Structure formats: C-alpha cells, structure tokens
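Please see the structure below; I have some questions.
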Amino acid sequence: MDELDIDAVAEAALDDPVLVEGLPGVGHVGKLAVDHLLEELDGESTLVRRVYSHEFPPQVSIEGGVSELTCVEIYAVSPTEGRDLLLLTGDHQAQTNEGHYVLTSAFLDIAEEFGASEVFALGGVPTGELIDEYAVVGAVSDESMLGELEEAGVEFREDEPAGGIVGVSGLLLGLGERRGFEAACLMGETSGYLVDPKSARAVLEVLEDVLDIELDYETLDERADEMEGVIGKIQEMEQQQQMDVPTDDDLRYIG
Amino acid sequence: MDELDIDAVAEAALDDPVLVEGLPGVGHVGKLAVDHLLEELDGESTLVRRVYSHEFPPQVSIEGGVSELTCVEIYAVSPTEGRDLLLLTGDHQAQTNEGHYVLTSAFLDIAEEFGASEVFALGGVPTGELIDEYAVVGAVSDESMLGELEEAGVEFREDEPAGGIVGVSGLLLGLGERRGFEAACLMGETSGYLVDPKSARAVLEVLEDVLDIELDYETLDERADEMEGVIGKIQEMEQQQQMDVPTDDDLRYIG
Amino acid sequence: MDELDIDAVAEAALDDPVLVEGLPGVGHVGKLAVDHLLEELDGESTLVRRVYSHEFPPQVSIEGGVSELTCVEIYAVSPTEGRDLLLLTGDHQAQTNEGHYVLTSAFLDIAEEFGASEVFALGGVPTGELIDEYAVVGAVSDESMLGELEEAGVEFREDEPAGGIVGVSGLLLGLGERRGFEAACLMGETSGYLVDPKSARAVLEVLEDVLDIELDYETLDERADEMEGVIGKIQEMEQQQQMDVPTDDDLRYIG
Amino acid sequence: MDELDIDAVAEAALDDPVLVEGLPGVGHVGKLAVDHLLEELDGESTLVRRVYSHEFPPQVSIEGGVSELTCVEIYAVSPTEGRDLLLLTGDHQAQTNEGHYVLTSAFLDIAEEFGASEVFALGGVPTGELIDEYAVVGAVSDESMLGELEEAGVEFREDEPAGGIVGVSGLLLGLGERRGFEAACLMGETSGYLVDPKSARAVLEVLEDVLDIELDYETLDERADEMEGVIGKIQEMEQQQQMDVPTDDDLRYIG
C-alpha cells in the first residue's frame, strides 16, 4: 500500500455539491453531526470513496468478529430537497503533522473530482464547563462568507478560537483557500469532557439553514438524553464527594 | 540499505501454503506459538527469506559474541501430514505506524510469491487477571471464515477486542483482505503480565484442527511449568504483603 | 501541497540586501525585534514571499473569524537610509529536526534569489534570572566577522552558548556558511521566563549600528512597560508567598 | 542540503586501512578512545571527509564565537608503525532509528572508498557500579574473528550485552557483515554514570595489540586523574548523606 490508497467504490453525478467533514475531535461534535446527516439521508446516499493511508493508525476495528481496516469514507448525497452533499466520516485522524496535510489534500482532490467548490468542516470548541445555550462559533477562509453565516446564527469572535484550528478541519480552510475553495468551520460549543449530541444538533441546525435541508433530530435527541443521564450521575457523585470532604481531624490520620 | 532489504536465502516449492505470523506482542503468545511450530517441524522446514528494514530498531543481537542484525525470518514447511506452511518469526515489531504498513505489505508480497492465499496472525488478548480456562478469541477478514473457526473452538465476540487489533497482526487482516487473502487472527486469552506458554498452546490447538497437523507440547509445557513457578512466587509475595499492611497507627508515623 | 510551497506574492529589486530572521524562540526576542523593524519600516516594505510547509504545525490562525494558514513571511525593505533588507517573520518553527534543515535551506534559497549574501539571525539567550543590563551575545559563521560586531558592542564568549545554537537560527549559520553566506546570530540576554521587549531593543540597537539604520523605540518601550507591570506583580506575589510560609506547626496538619 | 551531504575535504592513499568508530555513547568511552588516537597520531593524520545530515540535530556548536555545523569527521592515518587507519569521530549520534541506518551506510560507503574491509566500533558497556578491573567485552560480525581478539584479552560472554548493541556501533556489525566487512565492537566496562577515560584506555590497549600500534597514555591518564577527583567527592558526599539520615522522630515533622 502506498502512502495513500483510494478505493473508488462507486461513482455519482452531483450538482455543485458541498463537502461536509466530520472526523473525531472535541466532544465528537463533528463526527456525531455528519453521522447523523448520513443516517437521516440514508436512502439518498451512496458510498463513493474509501481513503486508506499509512498516516492512519496501523489498526483494524472488529465488529462481530469481522475486521475493517482504518479508513475515511466519503458518501455522495442527492437529497430530494436542498444542496447535493459529499459527507466525509471516519474513526481516526492522521497520526502525524505531515499526515494532516497529506490527508486534507487527498480530501480536497476528491471534492474537486466531484465538482465541489464549498467545504464545511464540523467540530467542537471546548469551553471547560457544562453548557446551557449551545452557540456555534465559526471561522471562514474568506471574509465574503461572514455575512451569510452570521445570518444563520453563527458567531464570529475576535481572536477565537485562541489557538487557531488544528488538524484536518483547520487545513480544510487553509489548504482549501489556497486551492480556490470557499471553506468554513462550524464549531459547536461543548464542555470538552463528554460526547455532546446537543452541540452536534446546534451545528446541524446551522447547516439546515445554509444548505436548505430539513433534518429530524429524534435519534440525536435520544443520544442527548442518554448523555444527560450520565451527566446527572456525575453531578450526583460530585455533590456526594463534597459532602464527604474529610475534616482536619480525619486528614491527620491519612496524611 | 533501503527501507526494505529482503534476502532470498533459499527457495521452496509449496502447495497452497498458509502464512502463520508470530511476532512479539501481548504475553509473547504469537511468538511462542510460531517458535514452537518451528521447533516441532524442525526437520521439515527451510529458512527461505530474511527481511531487514529501516523500520526495525537499529540493533544487533549478540549470541556467543557473534552479532545478528535485527530481521524477520520466514520458513517454508512441508509437513508429512497437513497443510504446507510459511512460518514468520522475529524479535522485533516495526517502530513506527508507517513501518507496520510497510512491513506487512512486504510479508504479504512474500506470501504471494510462495503461492499462499491464507494467513493466520497469532497473538494474545489481555484480560488483566490470571486465567484458568484459556479461550481463543478470533477475528477474520471475511464473514465466510467464521463457521470453520467456530467449529475449531474459536470464540467470536461482539465488539471484541474493543480497541481493534493494532500492528502487523491487525494489518495482515486489513491489508490482506484488500489483496484477496483470507486472513484470520487467533488471540489466546492471557493475563497480559507474563510470558504465557499455556495461552500459546491454546492457540496452537486451534491451528492443529484447522491445518490438519499434530503437535507435541512437551517443551511448551515445560516452559509453562517454569512460569507456574514464577507465578506461585509472585502470589506468595502478594499474600505476604497483604499480611504486612500497616495499621492506622503505623501510618501516622510514616505520613 | 508539497513539503514546501512558496508563494511569490510580489517581486522587488534589492541592492545587496541582508536577510534578518526573527522566528519565535527564547523570550520571543527575535520575533519581537523583526516585527518591530517591520512596523518601523512599514512604508518602505513589500511582502514578497510566503513559505508554506508540511513541516509547520497543521494549523490555521483565526483573526476576526477569517483563517490564515501557518506560514513564514518574507518582506523586502528599501529604507531611505541604510542597507536593503529581507525581513523574515512567522508564528511557528518547524516541528521536526529534519524540518529545520528543510526550511532553513528554503530561506537561504530565497535570500540568494534576492541577491543577499549576509544573514542576521536574531534571538535570545536565557540567563535564568531577571536582567538589568542587556548584553547581546554573538556567534558568527566566519572569524572575519568578529571585529565589526565587537565594535558594535556584541560580546563573543568562550564556549557560549554552551549547548550551541539550535533550530533555524543555528542552521542559518551552519548551512549558510556552507553556501557562501556571511551569517551572524545576535542573541539578547533574557531571563527566559517572559516575553522580553527590552532584550529585543538591545539586539536592534546593535543592528542600527551595523546596518546604518535608525529606529524609534516608542512602541517597543510601551510593550516593555507593560511587561514591567507583569514582572512587578509576579515579584509582589513571590514576596507575599514568602511571608505566608507555614510554620512547622501548620505543616503537621497538612502533611 | 540533502539527507546526506559529504564534503571531500582531502584525499589519501591508504593501504588496507581499518575503520575505527568512536561516537558519543555510554561513558563516552568510544569517543574518548578515538579522540585520543587522533591526538597521538596527530602528525600522521589528514581530515578526509565531513559528513553532514538531516539526521543530526539541527544545531551548530560555538567555539570562540565561531559556529560549526554538526557533522562527523573522518581522518586518514598512515602511522609509521602498524596498520593504516580511518578514524571516525563526532559530537552527535543520529536522532531517529532510520537515521542510524542511513548514517552507518554512509560510513561504510566511505570505508569502502578508501579500501577498508575491517571495522572496529568502540564503545562502553554499563555495569551500574564503579569498576576496579576494566574488562573489554567484544562482539564480532563473524565467528572467525573470535580467536585473535580473545588472544588480545577481549572477553566474549554468552548473551552479553543482554539487549544487544544499539545505534551506529551495532549497525556497523550488522550492516557491515551484509556488505562483506569484518566488523568487531570493543566495549570497555564502565559504570555508566561518568565519562570514563580508564575504560577508554582499556579499549585502546586491545587496539594496540590488534593493530600493531603503540600509544602513549599521558593525556588520557591526566583526564582519568581528574575524574578520580570527581568520583572521590561524590563518594564523600554519599557517605555524608548516610550519616545524615533522619530518625523517625525527625520524619514526623517533615511528613
């Protein structure tokens, strides 16, 4: 296998599609969002490409005893309403700095091949605390894209995210711009501690508006409810621990 | 030396052989198993290839003052009974992610060269505790292989191993499948703390069934007895330590 | 994108220019110095090259919601007085050993392209303590350069810096010399704990002398004043902590 | 600069020379030994090659303010008595696994170019304790070399060094053998904690015998005396500390 090995699983004729990327990251927000899109648009999507690479971990996943080699999958979607899409999902990021450059270039090659000139990179931005109102923070490769996204409720903040955007999501903007793509990153606020389906929903609601699609959130809301249960238990445990704080007297015997 | 440097030590005409891989890993199960096969099939095996690579540690081993450069060795075996074999053994894994891809590809090239279309990757799966009944957990590159291995006593478990299979064993399945091999990984349960000849025997007993070979386990059982002695001593020490647990009173003076 | 991707943003005819490098490092001295030069020579400078590379972190920075791919920028400057300059600035160093070699070679290629045969690498040398008198320590690629720099106040010390000079600054001397450049490294003494505009000023004052340019330090002095405030607060906190040191009696209850 | 960049500083006609390598390592034994050879054979040696590489740290050393790029130097020596030599010295090892392979191959290329077919790799083997009698442990690329070295006092031990030999010294044997060199590694026993001129002398005394050369050890013995002083002070401090061990009573107040 070469550094990159791309399987052309199927072909699809798309009309001016948008590449939407959702690889694992903070709160798994991007991956949850794209996987939900795939689930909702199931009848209208076709797996078109699998990308294998030396840059992924040397690993197979096992389901029911059967192995699958680490890869990224790209689906072509022609929904009955709204824009055509290329949905990119996978279980792993590249393992080296250079790998992020190599894979992002490959993803943009495939986007070009299918006629895409717009990219949305989905992800999460960590706030460090549990969130009530899920804002979606944005970044764009070109100023001209600010207006439409602001109308869709995306917040653009001075010098945020402070450390910039790292990995494939960042490079889809950086390398995308150099190759003539219009690229935006949509980042749902999330605590950063837990898988966050609510943050994924916030990001998808922006996409509904921008891409003229309509989504049902039942399955994502169910996952959010499960997570609420987990969060509830964590909070209970924390409160319990606070009540159990040892006194000075206890500490003398532990120290 | 290039990234890969393969010595054709000898040639051998094999009839539909099976590649059996046993590099170092959890409990050294895979390596113990293949080395035992080599020992048992000594009179019927020929060293055919040595694989050197930049991907191995830059190291020679020394025996009796004489150096040997780190490599993987592949033996051709035509047993009087049962399937022809290609046995792959060595003292080191690749040192980088990319190295695992490069070496696995080279091993599959050699398997192809000798006419093999089946692969067994042998290894261990860690359970975290000492084991009484040694189950063998399996993973296959294609569903069609499940039946025969289940009949031979291999267990296939939903989503296990949880983290997938990493390294050469995993890639023999993942890359193997992409090149048309039928590949299976047989993983003996093992505590993960110690070299485990009993787990290697459990894996070999599956192979005996599947490959129509018969093995004697005397030398492997001797190593198992030695390990039992080591385990006994560790357990004694643990019990001793539990009896020596300091009281609260002692702790006050240590704290 | 290839390992290196150089944008020729503009061209400029320079007369025997000097390359001045200031990438991030100890006390950010080099970067502060070159960025101040750029600010002061704003009306007379042109951005001529952007260097992108796999060797940089896979990252975009975000300002006002708009992304910019990590790169190094090179400006051509023809000041009304003094030598022509090529100013090299950026937010990141290479991330690997090899990357430092690759990028330094690219920078020297560009310097050559614009007719430069002299290089000044600017940086800081850590002293481990706060500094009153900011000395500038030097290193040169060829003995013949010692005299002029000593006259400009640069100190050359036996076996200092002890560990040599690492990264782009070091390689501009080492690789520069091999390609026929006269290269010097000017290192302002700095504590190593804080961004140090005063150390940057000390380095720039040497450059004023050597390059026959004149600089105003108002904005750099303002940043130095801000840092003084920060240092003052740290010192206060340290003194406060010393006064709060617990007694033996306190410690018994904490231990 | 490419991955390798070799300066042909001078040429020299040698008669069946032996390559002697001494890069930094355990106790700096190898480097001390080769540098002492260079010092002793000063009038009869010529610097013939400098090897630069991306595989070295990106670094210049500074002496008296003047920089020198990290490299390995190879000297040709035609002593009035004894075998012709190629002496290899430097301040750094390669920084990656692959780098050790790349550099060792380059060193063997140069050895071949000058007509060498024998290699001595010099180094130290750590014992973990201070040493009275300095044994020299050996390893060879081919059994046939054992006899002559045993006669010269080299000890060959079963399975020692236990972990094999890592880095350039190990690969000079491993890659050397594959290219038809007779290669031996001579390892002076050394504590492993300190630079060890006595261990270097032990190694050189073997070389005197094997290469028919005669060496004076005055300067090396002076360095050994300096180290004795350091060791004496360390031992004093250790004894002092043992006398200062706190009682249980003291500890109660520290805990």
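Couple of notes before you dig in:
Per-chain residue numbering starts at 1, and chain names A, B, C and D are given in the order in which the chains are listed.
Heads up, the rule we're going with is that contacts are C-beta pairs under 8 Å (C-beta built on N, C-alpha and C of every residue); 3 or more make two chains touch, one makes a residue touch a chain.
Keep in mind that this is a model prediction, so the values were computed, not measured.
Under half of the residue numbers at the interface between copies chain B and chain D are found on both sides, making the touching surfaces mostly different. Rounded to whole angstrom, the centroid-to-centroid distance between chain B and chain D, based on C-alpha atoms, equals 37 Å.
Between chain A and chain D, the centres computed from C-alpha atoms are 53 Å apart. Multi-chain contact residues, meaning those touching two or more other chains, occur in chain C at positions 255. Chain contacts here close into one cycle, and each chain has exactly two touching partners. Screening every pair of chains for touch gives A-B, A-C, B-D, C-D. Those residues of chain A that touch chain B in the complex are listed here as 1, 5, 52, 54-70, 95-96, 252-255. Across the interface of their complex, chain C is touched by residues 97-98, 100-102, 104-105, 138-143, 146, 156-161, 163-168, 170-171, 173-175, 177-178, 183, 185, 248, 251-252, 255 of chain A.
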